[in-house]
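See the structures that follow.
In what comes next, chain A is part of two complexes: it sits with chain B in the first one and with chain C in the second one.
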Partner chain A sequence: MWRYMGRKLGIYGITFVVAVTINWMIPRFMPGDPVSSMLNRASVSDPEALERMNTYYNEVFGLDTPLYQQYLSFWSGLLRGDLGISVWLYPEPVTDIILRHIPFTLGLLLPAIILSWIVGNRFGAFAARSKILDNTVLPLGYILTATPYMWLALLLAWALGVVGGFFPTAGGYSFALTPSWSWPFISNLLTHWFLPFLSMFLVALGGWAIGMRNMIIYELEADYSNYLQALGAPRRLIRRYAFRNAMLPQITGLAVQLGTIIAGALLTEIVFNYPGLGTLVLNSLNNNDFFLLQGIFLFVVVGVLIANFIIDIIYVLVDPRTRVQMTGGAS
Partner chain B sequence: MTLRVNDLKVYYQTLRGDVHALDGVNFDLADGEIMGLAGESGCGKSTLGKSLIRLDGRMRHVDGTIELDGENVPIADDRAMNRFRYHEISLIPQYAMSALNPTRKIGRMINELLRSRGVRPADVAEELDRRLELVGLDPDVLKRFPIELSGGMKQRVVMVMATLLDPSLLIADEATSALDVSTQRSVVESMVEFRDRGYVKSMIFVTHDISLVYQMADTVMVMYAGRIAEKAPASTIINDPQHPYTKMLIGALPEVGTTTEDTRLEGIPGTPPGLLHPPTGCRFKDRCPIASEECSQTPPLVEIEPGHWAACWKTGR
Partner chain C sequence: MRFLRLPAVLAAAALIATACSSEGGDSGGSEGYPRDETLYTTGTAWGPPVNWNPIMRGQYAVGTFGLAYEPLFHYDPEENEYVHWLAESDEWTDETTHVITLREGMTWSDGEPIVAQDVVTTIELGQKDVSYSNIWNFIEGVEATGDREVTVTFSESRPQEWMNWAYSNPIVPDHIWADKDQQQLTDDPNEEPVGSGPYVYETHADDRMVWSRNDDWWGTEALGLEMQPTYIVDIVNASNEVTMNMISNNEVDLSNNFLPGIDQMIDGQAITSYYDGPPYMQSANTAWLVLNHDREPMNDVEFRKALAHSVDMSAIIDGPYSNLVEAANPTGLLPQWDAYIDHELVAEEGYTYNADEAVALLEDAGYTDQDGDGFIDTPDGDPIELTLQVPSGWTDWMEAARVIAENAQEVGINLEAEFPDHDLLVEDRNSGEYDLVVNNDRQLSNTPWTYYDYLFQLPLRDQQTTVNFGRYENEEAWDLVEELAAVPADDVEAAAEITSKIQEIQLAELPAIPLWYNGLWSQQTNTTWTNWPSDQGNPGYATMWDGWFELGAVRTLAEIELAE
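Up next, the complex of A and B:
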């Protein structure tokens, strides 16, 4: 067991190093010079002043040193939790900006992904129970998964926000309020949170339900189900077994799904102008702020790695077959 | 008399019509009898085995009755049938290797099954251990997952599990087909042992392996195209078969000591008839070397000597 965990940790460690390196490389080989674009905004007309500012900023960001030195100082900064200074929001440190935005993204994504997974699985298992349910739930599930995400999000924003007026359609909270732990602020936060959450939840729901329904039907046709039926075991017991065994591929599916987290967040947050990492990615891209971009991707990579590691552990706990293979078994 | 099957007809429903998989099957099974049920693929032997415990979705009970220990067995009524399953009629399935839930420890699964059938696991726990030891398994297997066991071990676990409630009738459907020859032998010996100790009253052993049946069975019943061709004590079937189909079937078996140079093994020319539109009269007549006029009438299954039944016009008199 511990050897397995150690090996897994090693693999994740290597993945982390590779990801960080690629992460460091990409913005540096992207076209566009961040310093000059920042200075463009400042619209300095004196060419001599511009030249001096250019040298100054290049020195501040460490862009005048050779690449390998930039790479090494990036790692040493990383280990100290220092991801550099943002170009776009100069002179705020990248870490601070990300930490300010991350609660929004996590608060949106985690409930949406986990709840849609749980509800979808229940729903799918329920649908596999009878023909009538199957004939209603299944088409509904297909419609939900087939809906382009943006379209569904816009539709929700239009119906519940613009026409219905139940929920605000943009922002993380009203600008009139200052963030605090008071009830009005929290309820305001929740109303802003609801629409983006609902859109992500609905889109993911259909896929999980369909997957679960198919898996359950497959498991109910499996030999052990047939045998239990022949021995007169009640449907309840057989369903319980089928549900548990059908769950295993769904857990793997969840791990895969977590990888697409950033794409989902990006679209949702742009549609609803939600102040999470997604909008931050867009802004930093538009402003050639590659320190910020780098920092965000680093957080995403670490998040995905941690999530996958957790699922690896869960999988070992729920599937005895992987557990037995690991401990070598005794037969 | 343990089991009495009367004119049993079970059809498979397909889009092209009914497949007459069992078309009027009659036989008796005595207390303590182990009956081998042999025949080619598609002759209905597995269907007969299944019909006695659980009809699957496509199978339809058309006609005929089944009596077990003098009680009517309502095979067409899935719900009423539940009372008999496991307690009175049990099964070792064709797929014994995958008959156990892969994600439950074997002991826990057996306990859950017992509890769902109204039996307190503690009441039979001792018996379970004893029987596992009887078939050569350490009771520790109960703490293992099915993937930790070899095929033969799983087979024996299923055998012990299936017979734990001392059923009146055990159906073993190709129970040894997936095993190698030496494991086959030990499984077969355990089955006989179980009968001798009274764990099961009588047994139907479905197989296509006649030589294996000869080692263990008291009687052998040969089926052909949904009907019974011949039923007799095992030695009679092997040494003195009467029905032309049985004769050719036995003739197709290799014998120890003979080589292909002495005698060439004979197969049976032709193929069995399709059961979607079965032929009238004797179903073997197209392949039968001695078929004649009268074979266009269906031959009845008659007792040609005590305990020896055959369905052929040529043997009846």
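Up next, the complex of A and C:
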């Protein structure tokens, strides 16, 4: 067990270092210079003053040192929990900005991922045994899962927001409110949360439902099902075995899909102008803000790795075969 | 079905919550800003408010200069006159001495009185590295000669440039800013702004900036201006779709960004703009086709003339802009500067779209197709391949650039439109590594001097960061521009005489080609607030853009009324 965990942790460690290094590299090879774009906005007309300010900011951001030094100081800062200062939102520290936005993204992602997975699996399993449902739900599922996140988001915003007027179409909470632990604020937060949540939920739901439906049909055709049936076991029992076996690939699927779902969340946030990480990524890209961009990606990478690790543990718990392997039963 | 229970409960709770709040939604309830006391604006801020430092231009939150901090003067472009703001009166005792007297009884928002020393400190900050350091090129000294009297002496008389500073820069309190060193000046976000203006900081979040009314504002009594909204919530710009939705849901009162297709929503009733028909918007600045004079063939005046004749402006205005803008005068001067345009000269020397004329001009100057690729070559036989760059994502400009490139190709010039990242374009433009760009950096101001400074400023430097991106060198024109700077600020006739001479050179040489007047994008909903500026009602500007409050836009906040 511990050897298995150790090996997994080692792999995650290496993935982390590689991912962070790539995150560090990408913005630095983008065209454009963050400091000069920042000073362009200030439209300084005196060339000597501009020159001095340029030098000053390059020093502040450590952009005047050679690349390998920037890389090392990035790691040393990272280990101290210091992600640097944002260029775009100068002089705010990157960590503060991200911490402010991350609750919104998590609040969307976690319910959307978990609920769509649970509901999708249940629904898919349910649909597999009914001809009518299979004929209606399956095509709908295919359409949903093939829909780009932002397109569905736009449709929902238009239908339920603009035409229906049930939900607001933009923002994290009403522009008339200030955050507080009061009922008007929390209910307002929920109304703004609902549409982005719904669009992510629906797209993911279709995929899980289809996957589960296919797996159940496959499992019901398997030898053990036929054998059970021949023994005269009740249909309910056979289905329960089939469901548990069909779950395993779905759990793996969840781990694989996480990255795509997060990318979708970022797009959905932009459509709804939701104040999470998605909008932040777009803005930091537009403003050449290396530090903010690599900080956000760092959070995303860490998030995906943690989620994968949790799924690994869950896998051990739900699949007896992995347990047997780990305790050396195979030898 | 054990698993389904919790999600079902959650979903039900969410739906109940949403249902409750959508019923009582808009009235706001006991908390929040009441709809009928709040003005919602958007389209100005492109990022979260993080900075209220009025010294650092271009980075501060919307309203920092204008709502919280104020200048000595305002400038009224329609009447072409300066309006006393913090200053009660001013007098030029001789050509190089300007005495400014402040109003009596004004206070900063922390209760301290506003005195002459505040003005002195503000001007002296220019000796450090701030955006207006260049005024010390012609200022000799500044002194508080009384409690409310400031005397500015100049080493060189440049009233037009000086007055441009005086109305477009905020005065900051001495007791807060005097002791700041260079680093504090540039880095201090000034989170608790102490200003003199009609609004004070209320709160902010990443997607909004909220100002609340300063009921002790000096202007209520002195100017008779009563600011109507108790709160102003400026919403950080979102995508066009989001903004359109907010406008149709009456969630925003004033939007100041270019929205393609807005002409179909403006009906003069619920949604209005300055004009009910084309061009809908007032003009804010001129979009110029800037040519790099360091490169061939842009350094040839005949080529520039041919290019100017090849651009079909009506195709751009009808196409990408659907009549939301107007074609620029051949001098490029804004309609507000009509008095400075030499119309006779323009009628004689100006150019209009004429493809045949363009072809003829090119042929006469020796530009013919020598290698048979369908495009003209230089008289020496070298092929010409040019690119026109506009920033990626500026969709209206991208479309316009495509039209310009097509027009040029029709007369045989091999011109392609390119869309690099904005920052990259700025870098290349500043260092002179480009063929052609479109630019509109200079806004409406108190004097066409700012435009001529933009076109002709000398000497050239390695980096041209704010002016003369085309690197055009003409000593004679620059001398005239310097002469213009020295004309007394209110002497329009003397100024017009000089601008006429400048225009003669400009139209003969075409250092840059004026294209269209970019609009002062402004669309307003009338459901909550009404009586917005319009060509039938009261003049003025409905905008939150930086630099427009002091051109009179702040008055709009006092003139709007609650709708019945």
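One rule holds for everything that comes next: the second predicted complex is superposed on the first by the 327 of 331 C-alpha atoms of A that agree within 3 Å, B and C clash if a C-alpha of one lies under 4 Å from a C-alpha of the other, contacts with A are read in each partner's own complex, and residues count from 1 in each chain.
As a working rule, a contact is a pair of C-beta atoms (placed from the backbone, for glycine too) under 8 Å apart; a residue touches a chain by one contact, two chains touch by 3 or more.
The model shown is predicted, which means the values in this text are computed figures rather than measured ones.
Student: Given the superposition on chain A, are chain B and chain C in a clash or a fit?
Tutor: Overlaying the two complexes on chain A (C-alpha atoms) leaves chain C and chain B fitting together cleanly.
Student: Could you say whether A:11 touches chain B, chain C, both of them, or neither, answering first, second, both or neither?
Tutor: Once the two structures are laid over each other on A, A:11 reaches no partner at all.
Student: I'd like to know which partner A:159 touches here: chain B for first, chain C for second, both or neither.
Tutor: Once the two structures are laid over each other on A, A:159 reaches no partner at all.
Student: Which partner, chain B or chain C, touches the larger number of chain A residues?
Tutor: Per-residue touch count on chain A favours C.
Student: Please state, to the nearest 10 degrees, the angle that the Cα centres of chain B and chain C subtend at the Cα centre of chain A after superposition.
Tutor: The angle comes out at 150 degrees.
Student: Quick check on the superposed pair: does A:321 touch chain B, chain C, both, or neither? Answer first, second, both or neither.
Tutor: Only chain B; A:321 stays clear of chain C.
Student: Counting only touches as set out at the top, which of chain B and chain C does A:67 meet: first, second, both, neither?
Tutor: After superposing on A, A:67 lies clear of both chain B and chain C.
Student: Just chain B (first), just chain C (second), both, or neither: which does A:228 touch?
Tutor: It touches chain B, and chain C stays clear.
Student: For A:245, is the partner it touches chain B (first), chain C (second), both, or none of the two (neither)?
Tutor: first
Student: Quote the smallest CA-to-CA distance from chain B to chain C in the superposed model, rounded to whole Å.
Tutor: 20
Student: Where on chain B does chain A make contact in their complex?
Tutor: 53-54, 56, 81-87, 90-91, 93, 95, 98-105, 112-113, 116-117, 144-145, 147-150, 162
Student: Using the touch rule from the top, collect the residues of chain A that touch chain C in their complex.
Tutor: 31-33, 36-38, 40-47, 49-50, 52-53, 56, 88-92, 100-101, 111, 115, 118-119, 122, 154, 157, 161-162, 165-172, 174-180, 182, 184-188, 190-191, 193-194, 270-273, 275, 283, 286-288
Student: Which part of chain A faces chain B closely enough to touch in the complex?
Tutor: The contact residues of chain A facing chain B are 222-224, 226-234, 236-237, 241, 244-245, 248, 318-321, 324, 329-331.
Student: Which of the residues in chain C end up touching chain A in this complex?
Tutor: Interface residues on the chain C side: 1, 3-4, 7, 10-11, 14, 17-18, 20-22, 25, 28-35, 38, 40, 47-48, 50-51, 56-59, 129-131, 133-134, 183, 186-187, 189, 203, 205-208, 210, 233, 235, 238-239, 241-242, 245-246, 248-249, 251, 393, 420-424, 426-427, 441, 461, 463, 465-467.
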